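After this come two complexes, each holding chain A, first together with chain B and then together with chain C.
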Partner chain A sequence: MKRKILAAVLVLGMTLGLITGCAGTTSGSTSSGGTADTGSTEKEEAAEEAAPAEEAAPVHADEINIGIAQDLDESLDPHLAVAAGTKEVMFNVFEGLMKATPEGDLIPAVASDVTVSDDGLTYVFTLRPDVKFHNGDTVDVQDVLYSIGRNSGADGSDPLIPALSVISDMQGEGDKVTITLSEPMSEILNYLTLAIIPADYDKQDTEPVGTGPYKFVSRTAQDNFVLERFDDYWGTPASIGKVTFHINEKVDGLIRGLQSGALDLVAHMTSTQTAQLGDDFNIEQGSMNLVQALYLNNKEKPFDDVRVRQALSYAIDKQGIIDLAFDGYGIPLGTSMFPSFSKYYDESLTDYYPHDTAKAKELLKEAGYPDGFEMTITVPSNYQPHVDTAQVIAEQLAEIGVKATIVPVEWATWLSDVYGDRKFQSTITGLTSDNMTARKLLERFRSDASNNFTNYNNPEYDELLAKALASTDDAEQTELYRAMEKHLTENAANVYIQDMADLVAVRKGLEGLTFYPLYVLDVAALHWAE
Partner chain B sequence: MRIKRNGYLTAGLILTGIIVLMIIIGMFWTPYSPLTMSAKEKLQAPSLRHLMGTDNFGRDIFSRVLKGAGTTLTIAAATILIGSVCGTIVGALTGYFGGVVDDVLMRFNDALTAFPSILLALLVISLVGPGNKYNVILALGIVFIPSYARITRTAFASLRDANYITSARLMGASNARILLVHLLPNTVRILLPALTIGFNNAVLAEASMSFLGIGVTPPDASLGYMLSEAQGMFAAAPWYSICSGLVIILLVFGVGLIGEGLQRGEREVE
Partner chain C sequence: MKYAAKRILLLLITMILVSFLAFLAFEIVAGDPAQTMLGTEATPERLEAVRQELGLDRPFIVRYFSWLTGFFSGNLGVSYNYKQPVWQLIAPKVENTLWVCFISFILICIISIPLGIWSYNWTNKIWDFFRTAFNQLCMAVPPFFTGILLSWVFGIVLKFFMPGRFPDLHKDFAGALRHMFFAAVCLSIPRIAMTIRMMRSTVIGEMEKAYVRTAISRGNDRKGVLVGHVLKNSLVPVVTFLGQTMAEIIGGSIVVEQVFGIPGLGRFLVASISNRDYPVVQAIVVILAFWVVIAGTVADLVNQAIDPRLRLGGSK
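== the complex of A and B ==
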């Protein structure tokens, strides 16, 4: 018995110790102990490189630790990776002929200049002299032809990017690449942000090589991903020498990492989480530029019935979700488009389905489900915001008699089962446009699109899309895109929720965080304050 | 089996009794619905209105703890039922008959024991699929079979050649009768403490599984799941983790006391 009592006392003591211990770290030790923790070896390195600056406190090692919630795609090949989280990181490693700016414009990157013929069919790119790959080779026209050809299906295979099948011919000579289109396409430059990679290199999967400001160093699956400044970068070199992305699928692990000083920056946090961080961090707010929605498998019963989908749209209260799970941060959406694309974004669609449970019940009754039904919501368990959203949705759906069961799955499982094999009933995720085109957001709902994981199938939509793509008149095309958005809303293809607010916790002293109208994290722009 | 009353037993019974009573009440009535969310009452500290405060969705933690403890208790009880019944059957057969059956089953048993239990549970979950209370019960039940098989086997094997068994056999009693009527009651005194210890292990195993995200799934609550939820908001709402953690401790402590009391009471009778 004495042992039992002792054990009980120990357990209580440990619990208390845990509490007080944690409280201690949040209040005081982070600022001083934290940065020193990053390791004495790095500090020595930094001292060697910049000896005079060393005296001036505070000393930040020439490195940064960033926490991310999910591992990268299995293949690091930039043309094969699908996850937004992978592209977010690899933005620092790869560049295309063109490159996005924070303002949403496109500037030449690997190319120094582009000229377009009057009929909009011929593009001539001049390559920037001596742009180097991370392996030391100089980028030449062969690399460019290879990189683009791989995506446009130049060798007759299925194009990785279907939109690029519009390229009818590519010629390279000297430092000029001439691309000829079979029909004009206004977004071609956006698509040519695709990564330029070496033509004769076959380890892109595991040891990616690009031209960006950072080069790949190492990867430990499920643990970390290390980048290093590329000193031969053609543009302004990055400020911070070493970047380590730490993967932690448990969000509290990320919070503790920040608090203990092991991490300097974590993006995509919720307000509940950032509220715990204390004074050592600045919280920067941007927009994630994605469409968070309850994506419905339109092929699965009962979501093959438009009335059921509409019923769900009426039953789910977007603002309620934003208030409950996001402390009011977030912009409610009504279709597959977000406000950053102001040209295409149609705000009037947001309230197309006002929160109305009576209407929802009526529609369910019409559809033959007077008592509701059971459904599953598959969520990637490492994305706490999506899990939280699912909980609120399950509660809201209960009001119309729909019993939603939440199935949390690992990220890898989500990618293969839900996104890949389309084996799901409904799921919550955020869809992005990785090249700043509205088309990328809308094209995935074409009946036979390879990434149409919601199995949306509507000939009317396909026709609109075909017309929009064929259109050469910008105003007309914009109208068509807007019509497509409206179509998605009217047919309640999915239950649209919001463009999530992006709360980024940044350690004080770390400056230069730049938001893009893209889902990326530009590490090269970051620097420690002097 | 006679057991003398003692302080441990009384304390354990009272503590467990109170908790079980609360859980039973919680099955029919909770102060608030454990699922109703309220944006106005997010992350409130404990007060008279919310005895244990509210979580990040404004749900009443006390109501959730009542329901969650119910889930945890159900899972633990069902796990122990599966584990002990299957374990006893295997242990009885192998212990009583011995021979090849004994060798084969017990080696298989050894193999199962060689896995860390949480890993084995993970394996079963990956086979039957996560996100379901019954799958958690199944997984933990299987994990708990080997230890009960081992305990009962030893008891049956040691009693197999006792004089009264030999007499019963000479009088023509069937194997089934000997197993059920003569041997089984005599293993209860070994099994009972094992049950209480097993129960505690099951509570903790469920908690760790839900904590790791392979157990009970939202919006359902179990103590382990709540603890893992609470971890993400430790600084913002410390009462959440303390309350759910404390209930786990009390539940385990109460049943632990009962187990200790049972053993002591019996020793004193002897």
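== the complex of A and C ==
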């Protein structure tokens, strides 16, 4: 009898062992023998494994473990990667001719110096001598021409960055790269933060090579992402030698990781989450640098009527949302711009529509909706802050007789239906600018912009934008951008809510966390206290 | 031989059917892989380029058959998202999930079968009340809750393992196993409770049968009859149940993988579905189908070994 039970268990054990063994051999990179042969004995070990206590978590002087909720699940080619989470990490691996500073300025990186002609049409970059790629090669002008040309569509293909089609000619000689524009474009240096990568290297998708302070080591899907200090970096080398990003799509898992000592740093947390952490952590507060708003489909009834949009703006209490759903963390916004871009940000627009339900009702009445109306708010369900915001908004709208139904959708559905096909009434999301230009935030409201998912259509706005883009005078351009922001507020293009707070849990002893006006995590600046 | 042929045929049909249904499901639900990949950076030109690159511009049936022929020639394709061969991506996940399921299955077997038989002796005692109550509790508590509890007690307080950092199975086997052990415990608790109840009621049912009465009236002692005759007869339904359990565990593993941060098949499946990474989803779905059929087959084989009468029935 016992023998039969044993046999049954063994059959199962061997089947499993066999399958596991196959898994090992076929992947090629792993040793298979151990797992296949020990299949049926391991169970006893497993049972005993629970008993011995493990030594206390070691202090990693030269290592850091960072928890992230978003896997780097796309091409790692810096020109093709699109997810904010990927760019956040790869900021440490790649650099452009120029790079951003925490203050929001641009400084030369792979280039050592840039001169601009008086007409603003010719830029001459001098390459820094001895900038090395992670594969050991020295950066030369061919690599620069290749990297920029790929994005500007130099070979006649569709440019990866449409704005760069303004480049009419590029020449490289010695250590100089000359870029000629067909018309002046003041943001060109922002766009030239694009990563410089080696020409003729075809594994950028999976084994990226750049010039940044960290080099890529490995990626294990849904598990971890490892970087290592690049010792031949041209600038100040990073302090911490090995960086491991651990992926857990559940923030609860990341919190347990912090508590257990597995993780040293987790960004993008909420106040409720950071409250669960003990004394081992400092909580640093930055901002997400995005415009969270109730984005309205301006083509869809009743939001094609400016009075209805304004009524909504009066009815929704931004500070109320921040207090209720975000424990008071967050900066209320009144237009498509956030405070980090101090040059363009106009604080006076924030309270353009003070919370006033009487006024909101009046406007609704004027617009022909004395009893309110029904509407839907489509929210990406994977993003809890937006879902929470939607719930508060629905409550607030009920006060003026507007019945809002929240429709949670998967991110993929949101992208295809809301963002792609523009089949929605209203939605909550956060829009950002990944190259520190006002243009990126404002250009999407041009009537015929391909990413104008709110269908905002106003000739006056289009005209302002055209003028701003054509302007070569920085002061004049800034004024025009500010006028555009004011225009968006006055016409209540969307109901602007806030720039969300970015709370970062940092283990005590870890110093140097720096916030940028970008969605990035600068690991090179981090170091352990002595 | 005939049996083997039948089983293999069943396996093939199941896998093809399941893969087709999964393919079809994606055709119906909203969400376009190209759009999902490009996110808010999508421009009509780039969308078109990516669709072409992925071959999404071809009709549905053409895509399915090209996947199917690839599958039968051992090529699972390349992940849309990761740009890596699918097998290279999922092999370590398969391994992790199999270990969790295996440990969990062993736990179920070694705990619930003896306890199920033993609990037979508890009939009509006050203890029985507590046993039933405890059993019910174990069945009712959702694995994610026990998971949080276990990882707090054993991970954060006692530091038996480190939640948030899963060791590489090939570099730190003992560490990984320790991590997976607690996930397996959490996965097996409700199933242990179910199996005990199942085992117990089968034993009780069997003990009331005529042959037991006869055996006892001939002077055999109860324990001897229980071990010598009843156990063997009670095992058949339990083994079938365990076969089903084996198939179900893999579904339940999704939750514990998330709670314990184990990079396994379940989590990867969920992520790939929301990314619309078809090649990965197809591969995992087929593996799961394979798994379910194999679990059933093994249960059948074991049952036939226990009770040869079933073999006659099977080849009719």
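Here, the second predicted complex is superposed on the first by the 375 of 530 C-alpha atoms of A that agree within 3 Å, B and C clash if a C-alpha of one lies under 4 Å from a C-alpha of the other, contacts with A are read in each partner's own complex, and residues count from 1 in each chain.
Methods note: a residue touches a chain if its C-beta (ideal position, glycine included) is under 8 Å from a C-beta of that chain, and two chains touch if they have at least 3 such contacts.
The model shown is predicted, which means the values in this text are computed figures rather than measured ones.
Participant: Of the two partners chain B and chain C, which one touches more residues belonging to chain A?
Facilitator: If we count touched residues of chain A for both partners, the winner is C.
Participant: Scan A:Gln142 for contacts with chain B and chain C and give back first, second, both or neither.
Facilitator: In the superposition, A:Gln142 contacts neither chain B nor chain C.
Participant: Contacts for A:Pro162 in the overlay, against chain B (first) and chain C (second): which applies, first, second, both or neither?
Facilitator: In the superposition, A:Pro162 touches chain C alone.
Participant: First (chain B), second (chain C), both or neither: which does A:Ser450 touch?
Facilitator: In the superposition, A:Ser450 touches chain C alone.
Participant: Name the contact category of A:Asp252: first (chain B only), second (chain C only), both, or neither.
Facilitator: A:Asp252 contacts both chain B and chain C.
Participant: Does the superposition put A:Ile406 against chain B (first), chain C (second), both, or neither?
Facilitator: Only chain B; A:Ile406 stays clear of chain C.
Participant: Name the contact category of A:Ala221: first (chain B only), second (chain C only), both, or neither.
Facilitator: A:Ala221 sits against chain C, while chain B stays out of touch.
Participant: Answer with first, second, both or neither: which of chain B and chain C does A:Ser381 touch in the superposed model?
Facilitator: A:Ser381: touches chain B, not chain C.
Participant: If we overlay the two complexes on their shared chain A, which of chain B and chain C does A:Leu415 touch? Say first, second, both or neither.
Facilitator: Second partner only, chain C.
Participant: Residue overlap on chain A between the chain B contact set and the chain C contact set?
Facilitator: Chain A residues touching both partners: 1, 4, 8, 11-12, 15, 19, 23, 26, 250, 252, 409.
Participant: State the interface residues of chain B toward chain A in the complex, per the touch definition above.
Facilitator: 8, 35-37, 39, 42-43, 56-58, 130-131, 213, 217-219, 231-236, 238, 242, 245, 249, 253, 256-257, 260, 264
Participant: How about chain C: which of its residues touch chain A in the complex?
Facilitator: Listed in rising order, the residues of chain C that touch chain A are 29-32, 35-47, 49, 81-84, 87-89, 91-95, 98-99, 101-103, 105-107, 109, 113, 148, 151-152, 154-156, 158-166, 169-170, 173-174, 177-178, 180-182, 184, 227-228, 231-232, 235, 239, 246, 258-261, 263, 267-268, 271, 274-277, 294, 298, 301-302, 305-306.
Participant: For the complex, give me every residue of chain A touching chain C.
Facilitator: 1, 4-5, 7-9, 11-13, 15-16, 19-20, 23-24, 26-31, 34-35, 39, 42-43, 45-47, 49-50, 53-54, 56-57, 65, 67, 71, 73-75, 82-83, 158, 160, 162, 205-206, 219-223, 246-250, 252-254, 256-263, 382, 409-413, 415-417, 419-420, 431, 450-451
Participant: If you look only at chain A, which of its residues touch chain B in the complex?
Facilitator: 1, 4, 8, 11-12, 15, 19, 22-23, 26, 250-252, 255, 272-273, 275-276, 278, 320, 323-325, 327, 381, 384, 387-388, 390-392, 394-395, 398, 405-409
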